[in-house]
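Following this line, the structures themselves.
Shared between the two complexes below is chain A, which pairs with chain B and chain C, respectively.
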Partner chain A sequence: MFQIIADGLMIGSVISLGAIGLSLTMSIVRFSNFSHGELLAWGAYLALVVSSGLTAMNDVWATPVGPFSFGWGLVLAMVLSAALTALLALLLDTILFKRLRKQGAITLVIASFGAALVLRNILLFWQGGVPQYFSENLQIAIPLLPRGVWGGLRFTPDQLLVLALTLAAVTGLHLFLRYSVLGRSMRATAINPALAQVSGIDPEKVLRATWLIGGGLAAVAGVFAGITVQLRPTMGEELLLPLFAAVILGGIGSLWGSLLGGLLIGLAESVSVATLGAEYRTAAAFIVLISISLVKPNGLFGEKS
Partner chain B sequence: MTEVAPALAIESLEAGYEPGLSIVRGASLKLLPGEIVAVIGPNGAGKSSLVRAVAGLVPITSGRNLLFGKDITKTPPYRMVFEGLAFVPQTENVFVNLSVAENLELAAAIVKGNRRERLDPVFAMFPDLHRQRADVAGQLSGGQRQMLAVARGLIAKPKLLILDEPSAGLSPKLVEQVFSKLREIRASGVTVLLVEQNVKAALALADRAAVLVEGKERIVAPCSELLNNDCVAELYLGRYVKERI
Partner chain C sequence: MQLLLGWLSYASFFLVFATVFAIIALGLNLQWGYTGLFNVGVAGFVAVGAYTSALLTSPKGFGWPVAVGLLAATISSGLVGLLVGAIVLRLRRDYLAITTFGIAVTIQTVANNAKPLTGGPFGVQFIPRPMQAWLGTGLVWTFAYLALALALLGVVYVALGKLVNSPWGRVLRAIREDEVTASSVGKRAFLFRLQSFVIGALLMGLGGALYAHFIGFIAPENFLPILTFQVWAMLIVGGTGNNLAAILGAFVVWGFWTVSGGVMRGWIPQSEQARAAALQVVLIGVLIATTLILRPRGLFSRSVSRGPS
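Right, the complex of A and B next:
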C-alpha cells in the first residue's frame, strides 16, 4: 500500500514539474502547447548527450556520488540541459508561435501539434528508438518500512532525491513568482494582460521569461523521468496527456495546483498499475480528472472565470 | 508671452482596430498643463478609442500625439508610464485577486525607485485605501475599486492622467467622491483627460470639454460656455439628462 503511494509520488514528481511549465504557458501565453511534452524528452536526451560526452572525456564524471546511481557528470548535464531546453523553448516561440500569436489560440494549438511532431521525429532520427539509461548502475532500495507493515516501503536514494528536488524547484519558483518583480509581472500578465501592459509591464519580456522557465523545468522533469524510468524518444508524447490532466486538475495557472494535480495523477496511475494493470493507467488518471472536474470545474486551485 | 508646450497635443489622429476602418477620424485636441479636459459625445463617437489610442492601445494609422512636446505616437503601451502618462481603463482596472496593497506595490515595483516614496503620497491621498490595504481588490465596493484604479495610476507619478469613464457604474454620490479626488490630483499638478458619459458631472468638473462626433471633435470650449450652448444643451445635456432620469 505504502509502496504504491511512493511509486505514485515518483511519477507524480515528473508530471508535476512538467505540468507547472505547461500551466505557466497556458495562463500567460494563453494557448495549450502540445509540444510541451517534447521539451521533457529533449531535456532528457540533451542531458544524456552531455553526460555521455563528459564520461567519454573522463570516467570520474560517471563515478556515483554518494548513495546515488549517477555521477557529477549527470548533475552538470542536467543544469546544461535545462539551459539548452529553455533556449529551445524560446527558439520555438521566436520562429513559430510569436508569428502566429495574432491569429488566435486555435492556430497556436495546431502549430504546437506540428512542432511536437517535428521535435519528436528529430529525436527519433538522432537517438534511435531503443530505450536508454543514464546509468547502468543498479541501486538497492532502502527499506523505510519493513515488509510486515502494509506491504512495506522502499525507496532508492535516486527517488528520494527526485522528490526533494521537485519540492525545492516548486518552492523556488513560488518565491520567484511571489517576490521578484519579474515573477509578479508574470502573475499580473496571467490575470489581466491589458492592465499589466498599462502598468508598465513589457509583455514580450514576460513571455520570454515564461518560455525559459517552462523549458527549464521541462528539462529537469525529463531528466527525472530518465533517472527513475528510462529515456525513450516517445516519452514526451506519453507524458503529454498526464501533464494536461495535472494542469486542469490543479487549476490552470496555479503553481501549487499543478504540483498537487501532478502528484494525484501519479498516484492514480500507480494505483491502477497495481490493481487494474499497467494498460489502464492513463484511463485511471482521466477518471480522477473527470471526477474532480465534476465537483470543481475550475480545478482544485483554479480561479473562477 | 512665450507659448507653453501643451501637456498633450493630439494632432489629426486617425485610429481603429481594423485596417481601413477608422473609429477616430482626424481628431485634434490640446491640453494645457494643469487642465482637466473632458471628452463627451454620443455613444459610438469614438471617445474611448481616442484616449485608448493616445495610451497606445488602439493602432494609429495617421496623425500624432505629443506629450509635453515629445512624440509618443509609436511608443508601446507599456512604455507610457515611463514617459509620464498613466491610463486608467474603464473596466478590469485593478488586479482583482491581489490585495489593495499588492496592487499598488506591484505598480511601484514595475516603475522602480523608492517604494515608500511612491506608496506614501498615494496612501496619504487615499486614506480609505490605506485602511483597506489588506482587502482583496475584487471585494471592494465599486467606488473604492475606482479609487484604487486611480491610485494605481498615480503610483508612477504621471504628468498626465487619462481616465476612461471613471464614473461608469457609480452612484451620483460616489461619482462626486471620485471627481473631487480628480480635483485634488489636478491641484497636485497633474493634467487630467477623461472620457465621460455622465455629461453633467463632467462639465461641472472639467475646465474645458471636447464634444466628439463620429471620431472628430465638433466643439472644444470651456465648460461654462458649453453649458450655455443651446445646441450642446439640447443635444448632449437636455435630452441626455432627461433620458437618464
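Right, the complex of A and C next:
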C-alpha cells in the first residue's frame, strides 16, 4: 500500500520535472512540443557520456558519495548535461521552430513530431539500443516501515534524493517566476503576449529563456529517470504520453499543477502496475488524459483558454 | 527474362505498398488538409483495421471471407475515430494531437500485450490472401492484388472528390478557415469535424486491412510512430488540401524511403544494419522539415486554401 504510493511518487517526480518544462513551452511558445521527451533522453545520455568520460580519466569520480550509488562525476555530468540540453533546445528552436512560427501552432506540432523522430534515431544510431546504467553499484533499500505494516515501505537513498531535488527545483523555479524580472516577463507573455510586448518585454528573450529552462529541467528529469530506472534511447518516447497527461491534468502553464499532475500520473502508473501488471502502465496515463478531457479540460489549475 | 521477372515483382510490390499508403494519406488529407484536424495517431487507426481484418479472416480466428474483413476493418477504425473525436474535438486544437498520439501508444501497448487476442509481439500469422486459390502465389497474384488496391484507391479518390466539392465539403473548408463565421450561419462545427475525422479514420482502417492481406502477417512493430510520420511526410511533401497531390506524395515519399533503404542496405555492412535503419528515419525527418521550411505547400499543390475545384 505505502510502497505503491512511494513508487508512484518516484515515477511521478521524473514526470513532474519533465512536465514543468513542457508546460512552460506550451504556455509561452504556444504549441504542443512532441520533441520534449527526446530532450529528457538526450539529457540522460549526455550526462552518461560526460560521467563515463570523467570515470575513464580518474576512478575517483565514480567513488560513491555518501549512501548514494553514484560519485561526484555524475553530479558534475548532470550540471553539464543540463547546460548542453538547454542549448540543444535553443538550437532546435533556432534552426526549426523559429522559422515555422508564422505558419501557426499546428505546423510547429508537425515539425516537433519530426524533430522527435530525428533526435531519437540519432541517439539510437549513436548509443545503440541496449539499456545502460549510470552506475553498476547495487543499492540496498532502506526499510522505513517494517514489512508487517501495510506491506512495508522501502526507499533507496537515490530515490529519496531524487524526490528532494525535484521539490527543490520546483521551489526554485517558483521563486524565479514570481520574483525575478525575467520570470515575471515570462508569466506576462504566457498570459497576454501582445500586452507583454507593448509593455516593452522582448518576446525573443522570453522565448529563449523558456527553451533554456525547459531543456535544463528536461535533462535533470532524464538523469533522474536514468538513476532510478535505466537509460534507453526510447525513454523519451515512452515518457512523452505521461508528460502530456501531467501537463493537461495540472492545467497548461501552471507550475504547481504540473508538479501535482506529474505525481498523480506517477501514482496512477504505480497503481496500474500493482493491479494490472507492468505492461499496461502507459495506458494508465492515457486513461487519466481522456478522463480529464471529459471532466475538466482545462486541468486542475488551468486558466480558461 | 529472369531479370525482367525480378524487376516486375519488385515494382509490383512497391506499387502495392504505395497504393495502400495513398489510401491512408487520403484519409489524413480529409482530416488535416480539408478540416484542419491534427491526427498524430495514424499508425493506431491503421493497426485497428489491420488487426480487425486479420483476426476475423485468419483460420485461427473466425475464417470469414476477406471482403467481410475489409469492411469490418474499415468500420472498426471508424468507431475508434468516433470515440476519440467525440471526446476531444470540442477542445483546444492540440488536445486532438495529444489524444491521438495517446491512442496510438495505447493500441500499440494492447497489441503487444493482449496475447490471446493479438498474438503479442509475434502478431497474427497466416492472414489469408484473397483469390490465392485461383491465382497462385506468384507474380499474377501480386498484379491482381495491385489491381484491387488501385481500384479501391480510384473509388476512394472519386468519392472524396465528390464529397469535398459538395456543400458538405465547402462547409468543412469554411470551418477550417473561419469557424466563427461558419457557425454564425448555422453550421455546427463540431459535428462536421467529427464526420470528417471518422471518414478519415475509416480510410486508415481500410488501408491497414489491405496491408495485412497483402503481407499475410502483422506484428505490433509494423505500426510504430514511424508509420504515422511517413504518412505525414507523404501529405506534406505532396501538398495538403489536394487529393491528387496527396496520392503523388505517397508515391514519391515511399519511393524515397525504398531507394534510401536499398542504398543503405547495399553500402552498410550487415552488422550495422540496425543503426542504418535509424539513419534512414533521420533522413526522412530532414526531408519533412526542409519541405516545411522551403515549400510549405508541398511539391504538387498550387494552392492550399482553394483545393481542387
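Quick note on the criterion: the second predicted complex is superposed on the first by the 301 of 305 C-alpha atoms of A that agree within 3 Å, B and C clash if a C-alpha of one lies under 4 Å from a C-alpha of the other, contacts with A are read in each partner's own complex, and residues count from 1 in each chain.
The rule we apply is simple: a contact is a pair of C-beta atoms (placed from the backbone, for glycine too) under 8 Å apart; a residue touches a chain by one contact, two chains touch by 3 or more.
Bear in mind that the values here come from a model prediction, so they are computed numbers and not experimental data.
Once the complexes are laid over each other on chain A, chain B and chain C both fit without any clash. Of the two partner chains placed around the shared chain by superposition, chain B is the only one that A:P203 touches, whereas chain C remains out of contact. If you stand at the C-alpha centre of chain A, chain B and chain C are 90 degrees apart, rounded to the nearest 10. Of the two partners chain B and chain C, more chain A residues are in touch with C. Of the two partner chains placed around the shared chain by superposition, chain B is the only one that A:V181 touches, whereas chain C remains out of contact.
In the superposition on chain A, contact of A:A105 is made with chain C only, not with chain B. Minimum C-alpha separation, chain B to chain C, in the superposed model: 16 Å.
Of the residues of chain A, not a single one touches chain B in one of the two structures and chain C in the other.
Interface residues of chain A, counted against chain C in their complex, comprise 26, 31-32, 34, 96, 99-100, 103, 105-107, 109-111, 113-115, 117-118, 121-122, 124-125, 128-129, 237, 240-241, 244-245, 248, 279-280, 282-283, 285-286, 289-290, 293-294, 297, 305.
Residues 55, 57, 76-82, 86-87, 89, 92-98, 106-107, 109-111, 152, 156 of chain B are the ones that touch chain A when the two sit in their complex. The touching residues of chain A, counted against chain B in their complex, run 181, 184-185, 188, 191-192, 194-195, 197-203, 303.
Looking at the complex, you find that chain C touches chain A at residues 36, 38, 40, 87-88, 91-95, 97-99, 101-103, 105-106, 109-110, 112-113, 225-226, 228-229, 232, 236, 274-275, 278-279, 281-282, 284-286, 288-289, 292-293, 296.
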